[in-house]
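Two complexes are shown next, each including chain A; its partner changes from chain B in the first to chain C in the second.
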Partner chain A sequence: MTPLDMPMKHGDAGDGASIGQRLSRHDGKLKITGSADYALERQFEHAAYAVLVPATIGAGRVVSVDTAAALAAGAILVLTPEDDLGLAQATTFTGQRPEGAFLPLPHEIRFDGQSVALVVAESLEAATEAARRIKVTYEAAPVTASLVQTPEDAGTVGEQFNVAWGDAQAAYADAPVKIEADYHTPREYHAAMEPHGLIAKWDGDRLTVWQPSQWVHAMARNYSDWFGIPMEDVRVVSPYVGGGFGSKGFNYGWEALVPAAARRLGRPVKLALSRPQNFNLYGGRASTRQTLKLGATKDGMLQSILLTGASETSTYGVWPEQVGAATPLMYGTPNYRGQQRIVQVNTVTPGALRGPGKAPSAFGIESAMDELAYAVGVDPLEIRLRNQPDHDRMSNKPWSTRRLREALTEGAAAFGWDKRPMAPRSMRDGHQLIGWGVATGTFPVIRNYGEAEIRVTAEGRVEVVSGATDIGQGTYTVLAQTAADAFGVPVDEVSVRLGDSSLPGSPVAGGSKLAGVMTGAVHKAATAAREELIGLALTHPDSPFHGIEANTLELKGGRLTPPRADAPNVTVAELLRAIGRDGLTVRRDTLPEDMQSPEERKRAWTTMTTAQGPTVGDYSQHSWCAHFAEVRVDEDFGTVRVSRIVSAFDCGLLYNPKLVESQWQGGIIMGIGMALFEEGLVDARNGRVVNNNLGDYLVPTNADVPEIQVISVGIPDTNASLLGGKGVGEVGIVGVAPAIANAVFHATGKRVRDLPITLEKLI
Partner chain B sequence: MVTPHPNHKPPEHGIHLMTDTIKLDINGKAFTLAAEPRVTLLDALREHLGLTGTKKGCDQGQCGACTVHLDGERVLACLTLAAQAEGKAVTTIEGLAGEDGTLHAVQAAFLEHDAFQCGYCTPGQIMSAVACIREGHAGSDAEIREYMSGNLCRCGAYPHIVAAVRQAAEAVR
Partner chain C sequence: MKPFTYSRAASLDESRTATTVAGAALLAGGTSLLDLAKCGVTEPEQVVDITRLDGLDTIQASSEGARFGALARMSRVAAHADVLANFPAVAQSLSLAASAQLRNMATLGGNLMQRTRCGYFRDPRAFPNCNKRNPGSGCAALGGVTRNHAVLGTSEACIASYPGDLATVLVAFDAVVHLGERAVPADDFFLLPGDTPDVEHPIQPGEVITAISIPGSAAAKRSTYLKVRDRQSYEFAAASAAVGLELEADGRTIRDLRVALGGVASKPWRSRAVEAELIGKSLTEEAVCAASWRAVDGAVPHGDNAYKIELAPRVVARAILSLGGLA
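Now for the complex of A and B:
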């Protein structure tokens, strides 16, 4: 039986005994007692401590590194640009491997804070002090500090991001109502609570790395490429991850220095980045700008959307933050044209941060739709309902499931939107101006392949084994639920092992796809294990079921039951004992037949080349959401407080609504940060991120967060995944910032088009 | 009071890397460690004693992940030298549950309300919550939000943290 054969119960709830239930976190007790062993907490007798030395110029060259004072202060090893580490370039997530040597400490400086040396000492304190005593001589070069320093036509057009249908320019010229506006989003940072770092340990030519990771398999391949050793001889371990949000998916160059140092010293070496280094040794969300032109009829029906955007990248790597990622999907316009430029500045290469592309993209289109609503005098909810598209114009495919209309109407009802007066500045409470805003969001369904092992123990317990990681989204929990239902045991009888590259293959815990992919793999493996056990029960001569006239048995609640009531009824443990087995191990993957070779398997588990986008196949598949926000703005001081949020989501079937609601709320809260607080401030002289700490780079605190109501309007989408779930992790942030910006407009009459909405923009 | 380790010898390069013997009372147990005086309580716990339940998020007193109790009051272990904790009762997340493993009311409420995701800020949140309730600052949701705002949670579990603290405060009242 597949999930498709199961009778449907209702709405978004699952139908198994466990899937769809509001279970507490499988790994919860470990986390609330301090016993969950995060990667950097692995203890070693003779570990040495490493500290990275940051460059203090934004561009130029390292002329020399003076290590004498550091060595006098207790350094036992200093790696500098002069050291030949003998490393090779590694394959990237695209599957391409650049040729030549890899230099983690290049002489050329491309951004402030780039590593110029690694200092190792007996203690963290000694390494920190010794690193402070490294003296670097530079040749400085001119710096382009950030996107705001560059002209409108800077950079190059990313041809792959061109989207067009109809004749957008002509339709815009002819439209009775025109809106044109520029929107800007600043650099934003992951600020995961657990810092980046790694512990490296060699045993002969075998390397083990303990590292917080969203993708242990790709990292194992990366180390094997760098160090020229077989992937089987590298193990990356990451049992619990203290938040990633996109930052812990790939290796960064400085990470190569730690195994290199460990090899030279012949002992384990540990590096944990300082909090400031977490702001410039890997990239956050790139700063973006976009110009949007909307052409519409007088009753607000869109005729044309024209988007020209730009995002910044580094001078040595390309990471596009796609400001057109959501724009063409949200509304039914007969004419569309979108274009994006990529602009090089002196920064670390930006990266994926929750809702990459989609979050800044939605800030543009969802602010502009609000502007259009006011230009034509149509309620912002109504104008969105009027312009919902009946299919995906970009791919010309039908939506697999798109319950955004339901999200808008059910969210509005829960929020009380019908009581909203249209005019800005029409609600107040003393000094506080009150405003209500709405905006929508989306995130694509990305599909991929996974592999899982099911081990049935002599006691009848089930162990799920996978190399997938849990970064807080709930992998442990939903895989336990999946195995419990598919095999037929209570979820308490299931344990889960994750986060180790020596375990079965998995894609990255990113792109909101891991749960969909891995529940599919675990379901397949657990179903096969059940079938194998039932086969043994019916055919093994020592089985109590041997010789009964039945084609199959039921396995439920950990008990095997035959169709006839008078036949025996035994537990899994009793059966295994009777047939003299101490357990059962079954491994399955979801790869197609023609991808079973070792090369193809390696490609699937260590690159992104096997991922399938939202329009592969017959449908266009996405998660959807609608956010309703209430703000209170102090009329005198311009301070904005979010006082209420209601959000409705279509994410298909929810494997565990309790955990999903947590992720949705977390995304919304990060969206509050994007709207009101978060902005990487860059020194125009040298490109230095000056607010590189959690006291100056503001993230939401408990006191910044109001009551948040989340509603599910989804129905199972079995095109998206085997069990019918769509992604939940990233969609939550998408659309929050424009909902708040629109509420601020409603409260104050002021349209803020550059994030974050700080008080000086309102007074 | 700290004194140089009797075996301490100044290294030849002239930088004094003194090692002290520091005696700490952690979760009712006596620990002795040999560490430099510049070692923080946080690094003493995590790097010297293997008590890694207390987390290092920023090492700058900004995030609250390292919150522990000194004589029952919440402090940031990253801004406290290990030597400063001598003679005081240190309580960490590992010492919160009963000896038989019975969860503290705050721990149980965090689990029930899903007041965490990645779990990295969680020990600090829980230590802060226990103190917040003891201080009498859990009287309303607004008060809980204010007095729990020294502990950042990037996963955004705040609404569930408030619910958990409210429930635990009622349970111990």
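Now for the complex of A and C:
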């Protein structure tokens, strides 16, 4: 099958192909029966257990660490800032390797909870108690706890985020209708069920790390850099992941302590973070603020967009949460200017959380468009349709596929939007004020390279082997479907091995690109394996097909058949037996010719420098979505309940609609959390996140999740990927919060511009 | 965590004796004890398991009254038909509390003894100052994140709120906490923080909660527990109200009214002022809304929690009106 064979219909394929079928997840049953072997749950003889000691100041310096009481209480090893671990700096995901030594326990404290020591003991309980007895003396320094404590002009302008065309200021000044508003999003967290952590084990100079990971190859390189050993001598294993959402893509500095401890002790060491540590030993989504100015005509045609924004980062690392990530893409304005500041505060460096940049960005522009709709008296759906851009003004390239108009109209039809009265507070049910809101979202198509191996066994079964990871989104399942179609066996004859850095290369399971990249690599490898097998069948002297007058054979359903019906018809296993082979192994990658050197291959599998953004090439490529939300707001209590969501997506071809719908719904559910619940509450005095547990940091429960209807309006986009899919994992969250905020406005007449929309903002 | 010994109490007397030992803690459902031990708030040296004691998990309820053994599980009481029929607010308060898993484990006695969710109380390592944990050390919550702190019954020493649901209902309906022979009215079982926020209950060494009883009443039979919170499940109340209503034969004059507030005060908070204002009056929306403001008489905001002063009267009013068929 080639891309040209793919049926051009909405989302799903068909034609008996496995791709496009609604197969259940390979790992579903394993997980619900408790038999999925998560990395952190591996058991080892003689393992020791580690606990990190957190700093109790938000900024300052460690003067001394007194370990005597911990050692007396059973600690078998304590690592402190005084220990020289002999580590080197590791290459970052941008491909640069800083000079010098790497100090995972620096004396300087930059944020609350920063690790000041690692304590190892014979059990988790003993290590916990010993860690409690560590006495640290600090010199405290003043703390800037979060973005909200900083003035508007704090930080520095990130020049790389400047976007401008036309003369936005002049057009704004001249516009008959002006909207200006400030929007704020708080610190948000991944809150994955599975904590972060790792188990490290040395065999001589070879290191194996079992660690929940979205990218085993990059982590293997990271450990090899830190410990100065060849990457071939490091193996990172991560067969299943209990939730990543962007947090498990890269190593964090404290992770170096575990192999360091294991090497000193000569035994496996395990570290799993406590739940509170999952709030301050790696970063969530940075808090953001943005001021948007929209200039428009009286009928709501945009003339200008002006965006000034800011996001917080740490004092030692830069993570920009790009509030302008979606803003310039959504509407056709002739004039645009966007700028973003990066502000240092005393936090752990923030990181990627589902829909990074795009989610807070969409909250701004999609709230502002709703404000504009009401300022000019145009229906919020209609104003969006009027302002759809015909090409990407930022890159001046045509859209590869942009079916956002279809998403808006088909979503609106399914939702029943035409019955919506324009005026706020015009629908109610008893004390419940009912409101309907719409907002759109986007996520870029990121392309990259991948590598896969196809092993055909003597029994005619197919094994797909790759170091890519499955973080719950369906890599195992979709790669089995791809191999089944490309090789020509039923999907239940295919097994998949993943999540091991000793296996073929893969990019990070992040940025909504893995399925597109890896289906391409598996398709290529499986096609090559089929061709090799057919070649053997036609040429091997012992083959039943030897000497028949045919240029090729068909391999379908695990059987090889010639064009002529009266010729032999054998299974793959029968053929292999006949020609005396016990199998077949084919490895292929999608790297171009000039990237086949070992250095280039390493760069491709362990950095992000080979990733291609959405405008590399002739087109501007993105996934798109439109969310329609119904809320019920109690008029006295201010409590918001989402009672209905309909969302329509353009994500190109869907490799497996069941899994895709699950991804979309998961993103929408996280969007409900972003809209209504999620907020890291930071103590202004020391920068500590005080609701650092799942009882107080609220994510949606099942009771908070209504019926969610998702609709695919996409068509295959073969610029985006070999088979025509665009990313599905992150786009779902983008636009949900403004859709809900806009529905809250429609219900109550109150515009909430700072998330989350908690009850006190509405009473 | 700190090592401790574990033993199983063979008798009620053995469990009573255990409470006279410094550093000993009773283990029932364990949902609070384990949580607080992990936080480093509770560091028992000796854990005495009382879950195997016989006869302490009984559930009886009729129009005459209810009596629950201290070891009755929350989920069992919540689902009991006689409780639902005669004390609907009790069943509702239990069903709306915690999560299904916690309700299956937690006992009623343990539920009464649950500690505040004040984030500063629960985080000794980061916030050593807490008068509840360490008398005289100060209150880290003052000047901190106070969205869920109390607006009623606070003191300079402590602004923590009592988080429980069931106790709010118990206080409304004059329930009694049985410590063996001694019986303490539920309202007296919870102490105001004053200068000693570390002392939360009048329970003495050698005493163990054995049962909770509630006198039957028409108001208890016509009762409701209204819990308001951002999340629909598994969250403590932003404000809640336990209300019972009895009308005269005319169907509109209020003969008996019970009102207690949860989530806004340092203890389950009986609102006798609201009751007094409305008893004898006609049940009208106007009268109820006006009287409900008395629920926050004397309330003091602390930063982020000022909204509770607005919210609590609305919750009280809605609960009363819904019982009266007016909301």
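One rule holds for everything that comes next: the second predicted complex is superposed on the first by the 751 of 763 C-alpha atoms of A that agree within 3 Å, B and C clash if a C-alpha of one lies under 4 Å from a C-alpha of the other, contacts with A are read in each partner's own complex, and residues count from 1 in each chain.
Note that in this section contacts are C-beta pairs under 8 Å (C-beta built on N, C-alpha and C of every residue); 3 or more make two chains touch, one makes a residue touch a chain.
For clarity, every value in this text was computed on a predicted model and none was experimentally measured.
Student: Between chain B (first) and chain C (second), which, if any, makes contact with A:Asp683: first, second, both or neither?
Tutor: The answer is second: A:Asp683 touches chain C but not chain B.
Student: Check the residue A:Val378 against both partner chains and state whether it touches chain B (first), chain C (second), both, or neither.
Tutor: A:Val378 sits against neither chain B nor chain C.
Student: Tell me the contact category for A:Pro195 with respect to chain B and chain C: first, second, both or neither.
Tutor: First partner only.
Student: Does the superposition put A:Ser123 against chain B (first), chain C (second), both, or neither?
Tutor: After superposition on chain A, A:Ser123 lies in contact with chain B alone.
Student: Scan A:Leu659 for contacts with chain B and chain C and give back first, second, both or neither.
Tutor: In the superposition, A:Leu659 touches chain B alone.
Student: Once the two complexes are aligned on chain A, which partner has more residues of chain A within touching range, chain B or chain C?
Tutor: After superposition, B is the partner touching more of chain A.
Student: Output check: A:Pro700 vs chain B and chain C. Expected answer is one of first, second, both, neither. What do you get?
Tutor: Both chain B and chain C are touched by A:Pro700.
Student: After the superposition on A, what does A:Glu760 contact: first (chain B), second (chain C), both or neither?
Tutor: Touch status of A:Glu760: second partner only.
Student: Looking at A:Leu85, would you say it contacts chain B, chain C, both, or neither? Reply first, second, both or neither.
Tutor: In the superposition, A:Leu85 contacts neither chain B nor chain C.
Student: What residues on chain A does chain C touch that chain B touches too?
Tutor: On chain A, the residues that contact chain B in one structure and chain C in the other are 125, 274, 695, 700-704.
Student: Enumerate the contact residues on chain A facing chain C in the complex.
Tutor: Touching chain C from chain A are residues 54, 56, 112, 125, 128-129, 132, 274, 276, 430-431, 634, 636-641, 676-677, 681-686, 688, 690-691, 695-696, 698, 700-704, 756, 758-760, 763.
Student: Can you name the residues of chain B that touch chain A in the complex?
Tutor: Those residues of chain B that touch chain A are 11, 13-15, 17, 36, 38-39, 43, 46-47, 50-60, 62-63, 65, 92-94, 96-97, 103, 107, 110-112, 114, 116-123, 126, 144-146, 148-149, 151-162.
Student: For the complex, give me every residue of chain A touching chain B.
Tutor: On the chain A side, the touching residues are 24-25, 27-38, 41, 43, 71-74, 123-126, 190-195, 240-245, 272, 274-275, 471-474, 658-659, 661-663, 665-670, 693-695, 699-705, 707-708.
Student: What residues of chain C sit close enough to touch chain A in their complex?
Tutor: 1-3, 38, 40, 117, 119-120, 123, 125-127, 143-145, 147, 228-235, 238, 307, 310-311, 314-315, 317-318, 327
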